[in-house]
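Dropping the structures in below, format is structure tokens.
Two complexes come next, and they have one chain in common, chain A, joined by chain B in the first and chain C in the second.
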Partner chain A sequence: MTYVRVIGLAWWLQLKMRSRSAFDGLLGVLYPLFFSTVVFMMFRHGDASGAALLSAAVGASVMGVWSSTSTTASAALQQERRQGTLELLVAAPTPLPVVILPITLSMATIGAYSLVVTLVWGRFAFGVDLAIQRPVQFVLAATVTVVSIGVLGFLLAVSSVRYRTAWALGTALEMPVWLISGFLVPLDLLPAWIRPISWLLAPTWGIDAIRAAAEGRDALPALAACLGLAAVYGVVGSLLAVRLVDAARRHATLALT
Partner chain B sequence: MAIIDVSDLRRTFRSRSGLRRTEKVVEAVRGISFQVERGELFGLLGPNGAGKTTTIKMLITLLLPTGGRIEVLGHDVVASPREVRRRVGYVFGGDRGLYERLSGLDNLRYFAELYAVPAREQRARIGELLDLVGLTGREKERVEGYSRGMRQRLHIARGLLHRPEVLFLDEPSIGIDPVGARELRQTVKALIEQGTTVLLTTHYMFEADELCDRIAVLAGGRIVAEGTPEQLKQKVSVGNVVEVEVFGLPDGAGDRVRALPGVRSLVIDERGPAQVLLVHAEPGSEVTQPVLGALAGARVGRVATRQPTLEDAYVELVGAA
Partner chain C sequence: MSALRLFFLGGLTSYRALFSWLSPWILIPTFIVGPIAQILFFAYVGRAAGVGDDGYYVIGNAVQNAAIPCIFAMSITVGDERRQGTLGLLLVSPARRIPLFLGRALPVVVNGLAVALVALLAGSLLLDVPIRASSLLALTGVVAVSAFACTGLGLANAALSLRVREVAVLSNLVVGVLLVFAGVNVPLSELPDWMAVVAGWLPLTHGIAAAREVAAGAGLASVRDDVLAEAGLGVLYVVIGLALLVWFERESRRKATLDVA
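Let's turn to the complex of A and B:
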């Protein structure tokens, strides 16, 4: 129960901190609009309509969630190190994974805004027909996808505890995951050897579940895969965090100097 | 039984740099041992790079030792770090270590959760600490608008949230004004009266002299002296200290003073346009007139004779290390 309180409060305080930067806020509002505008214009230029345009809208919206989380999750711990709070977080008795998880979940939550705004922008600026066939499953799939991306961000972020330059990892993975998870390009078009990598990524299953719910197919199998992978990321990330904290204590990388 | 038991503690830092990945090895702590009893205020003094912060970071589980053993409250810091973390507090000096975009209150709420302060006690405990550090009424303001003194007081409140049995204060008064520093010393004294054990590092000798029951002086990663402030003063120099202010010290004058009978040591302190000669005399020796004679031709300002202070002891101990 205590850990649930820690996660809840830390998630809320992280959202509070990030909402207080006017510059970050402006970028957060504008970026999803740019992303989605580019995607909608590309698809319309290719004469896409109906289900294809809806699929593109869903892809663009999840792209926003992933970009918001991947680029900032690893950098967040470097920021903690820079402001001298990383040592204080490690020195506290709460296990570090419980402290890091809400940081990345808060970023995924900010990304959820882009999911909503992309769909609304598509509807009103580009006339995308948001005829969601299974609305309950759609909302559930979107929620699980946001959470799973938050947990994947957590897995990336823990490496920053040990390695000061690991903040670059998230940025390096941002665009490859757009492609490999099939946000815009169908997985069938990718080389066969890439598909197993796609299957290991929760966003692949998350977006599949969202599209299935939108098109009226059963979203639950993909949703279960997405949730299962998120649980695996959580366990692996937690075990890794313990080892990396020990390595950081051995190599003295918790502080900048 | 000692609350803090440090035995032959060592810490080596290794780093690689350059194209050839040349390894650089720094022995920051070289086999130190000391014990701190319950309710004691123990000071670690030493120049920059002496190993004070490295030692504290090993004590609070942020760094693993490369050798030796540390027990805090009966727990080995390597084998049982969480047990140690639950029962110790850590406060460091300076501007860092706070969430700037959050209010002081939110900072305290966050750390109260991280230290598992029971939810029903949090509000009262935070209010009590805000009163203690004089931040009541300012707690809802964002930390980015706090003065350095306010930040330092917030740090102290954060470190005390979970009522730690041992508090580690790493240069807590650095950069705060004299009034703030005096309030800080009063807060530390109050904590000691309540039974908290405190380990303090500081550069301010008067602070260590006023607060510490015992002191260890670190230099080059080793303890060069240990004892009460009075014992340290006795250990180094039982003679008087003659302070002579000189404007333009002639060449060779320092060597002439050092060579005088009855002079144990000389430290020359540059203070703006003047140099202040701190001449430590042998017990029973009167060196004022011979020193002034050795400075013949120089423009001499203030001359004073006094008992040795902790700072004199420190300067001599560190200088000799």
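Let's turn to the complex of A and C:
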């Protein structure tokens, strides 16, 4: 119960802090709009309409969630290091994963703003017909996808704890994940060897679930896969966090890496 | 002589220190993986949307990727001086401003050119888009002019960072505007009229158009107008950037706002 309280409170605190940051707030909303605008224009140029345009809108809207998480999550622990608070977090009696997870969840939540904004932008600027067939499953799928991306960000943050310039890794991962998770491009169009990688990414199943709900298909199987993968990321990330921090403490390199 | 020394040595030192060249691995994800991923992403989106051919996206996105170092590195050369507490020292120095700031632009132009060419080469190999060997030299020239024009815009953006703390936000927005307006992935003819007019005043628009023609086999002479327009815009933005730097520096001294902007 204490851990749930810590995660809830820290998520809310981080969310309030990030909402006041021009970088996380303004950029989180505006930056994905640039990409989604290009995407809408490309699909309209290709005479897409109806379900195809809705599918593109849904994909473009989730792009922003990953954008908000990838760069900032990989730089999250470096930011704590720069502020001089990383050692305090590590030394605190609360396990480090319980402290890091709400940070990346808050980043994904900021991304949820852009999910909504992109759909609204598509509706009013490009006339996308947002005819969602199963609204309850749609909201549920969107929520689970945001959470799963937050947990993927947690894994990324933990994995990059030893690197000062890890933000560059997050930036480099932004578009590859957009591509191989099938946000806009059907997986069938990608080379066959990429598909197993796609299946290991929770956003692949998340976007599949959101699309299924929008088109009136059953979203629950894809949603279950998304949740399952998020749980795996959480467990792997937690084990990794303990191991990497132990190594850093043993070698006294936490602040120096 | 001291102006030349400031231009070359000062520029190189600033570039290496402020743009984290001191940690070279940062170049790989930022300047190689990211640009290639952008090309692949838009080429596949183009396939999914049923528009354009791969060559269209390879050229457009490769040239646009020159903007990443040109915009970000230039803004960092001013913005990170403040973050590191050295902006006041820099501006209190008697160094002449034109060689000081233009010297910082030179490595950035070279960086932008290199990023675009690597992306072009990798994109053409990965997507099997042939580029004529006879076009390479002209293409390099066009991309170099585009990188210069982007650096001009980057200098103007850098000047704004004398007044705005969130320089990374500004730079991302500028790059985003270029992506949407400059005909990178969507032909100008498909843009609303007002966007096409704005595009004509942005760096990259003319450069990308020229690069596409050159890659298709046209000679430099036939894209002369676009190349001259791109170079002219570069000069215009450099002048605007230097003027803004002088103005903002004077204002920040007068109001004592250099470190609180």
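Just so it is clear, the second predicted complex is superposed on the first by the 247 of 257 C-alpha atoms of A that agree within 3 Å, B and C clash if a C-alpha of one lies under 4 Å from a C-alpha of the other, contacts with A are read in each partner's own complex, and residues count from 1 in each chain.
Assume contacts are C-beta pairs under 8 Å (C-beta built on N, C-alpha and C of every residue); 3 or more make two chains touch, one makes a residue touch a chain.
What you are looking at is a predicted structure, and each value in this text was computed from that prediction instead of being measured.
Participant: Tell me which of chain B and chain C touches more residues of chain A.
Facilitator: C
Participant: Considering only touches as defined above, state whether A:168 meets chain B (first), chain C (second), both or neither.
Facilitator: A:168: touches chain C, not chain B.
Participant: Between chain B (first) and chain C (second), which, if any, makes contact with A:99: first, second, both or neither?
Facilitator: The answer is first: A:99 touches chain B but not chain C.
Participant: First (chain B), second (chain C), both or neither: which does A:38 touch?
Facilitator: Only chain C is touched by A:38; chain B is not.
Participant: According to the stated criteria, A:6 is in contact with first (chain B), second (chain C), both, or neither; which is it?
Facilitator: first
Participant: Thinking of the overlay built on chain A, is A:83 touched by chain B (first), by chain C (second), by both, or by neither?
Facilitator: first
Participant: With the two structures laid over each other on chain A, which partner does A:186 touch: chain B (first), chain C (second), both, or neither?
Facilitator: After superposition on chain A, A:186 lies in contact with chain C alone.
Participant: Give every residue of chain B touching chain A within the complex, in rising order.
Facilitator: 13, 57, 60-64, 82, 85-86, 90, 92, 94, 96-102, 106, 109-111, 113-116, 119, 142, 158
Participant: Give every residue of chain A touching chain B within the complex, in rising order.
Facilitator: Interface residues on chain A, with respect to chain B: 2, 5-6, 9-10, 13, 16-17, 20-21, 83-85, 87-94, 99, 246, 249-250, 252, 254-255.
Participant: Touching chain A in the complex: which residues of chain C?
Facilitator: Those residues of chain C that touch chain A are 20, 23, 25-26, 28-30, 33-34, 37-38, 40-42, 44-52, 166, 168-169, 172-173, 176-177, 179-180, 184-187, 190-191.
Participant: Which bits of chain A are touching chain C when the two form their complex?
Facilitator: Listed in rising order, the residues are 22-23, 26-27, 30-31, 33-35, 37-39, 41-48, 56, 164-165, 168-169, 171-172, 174-176, 178-179, 184-186, 189-190.
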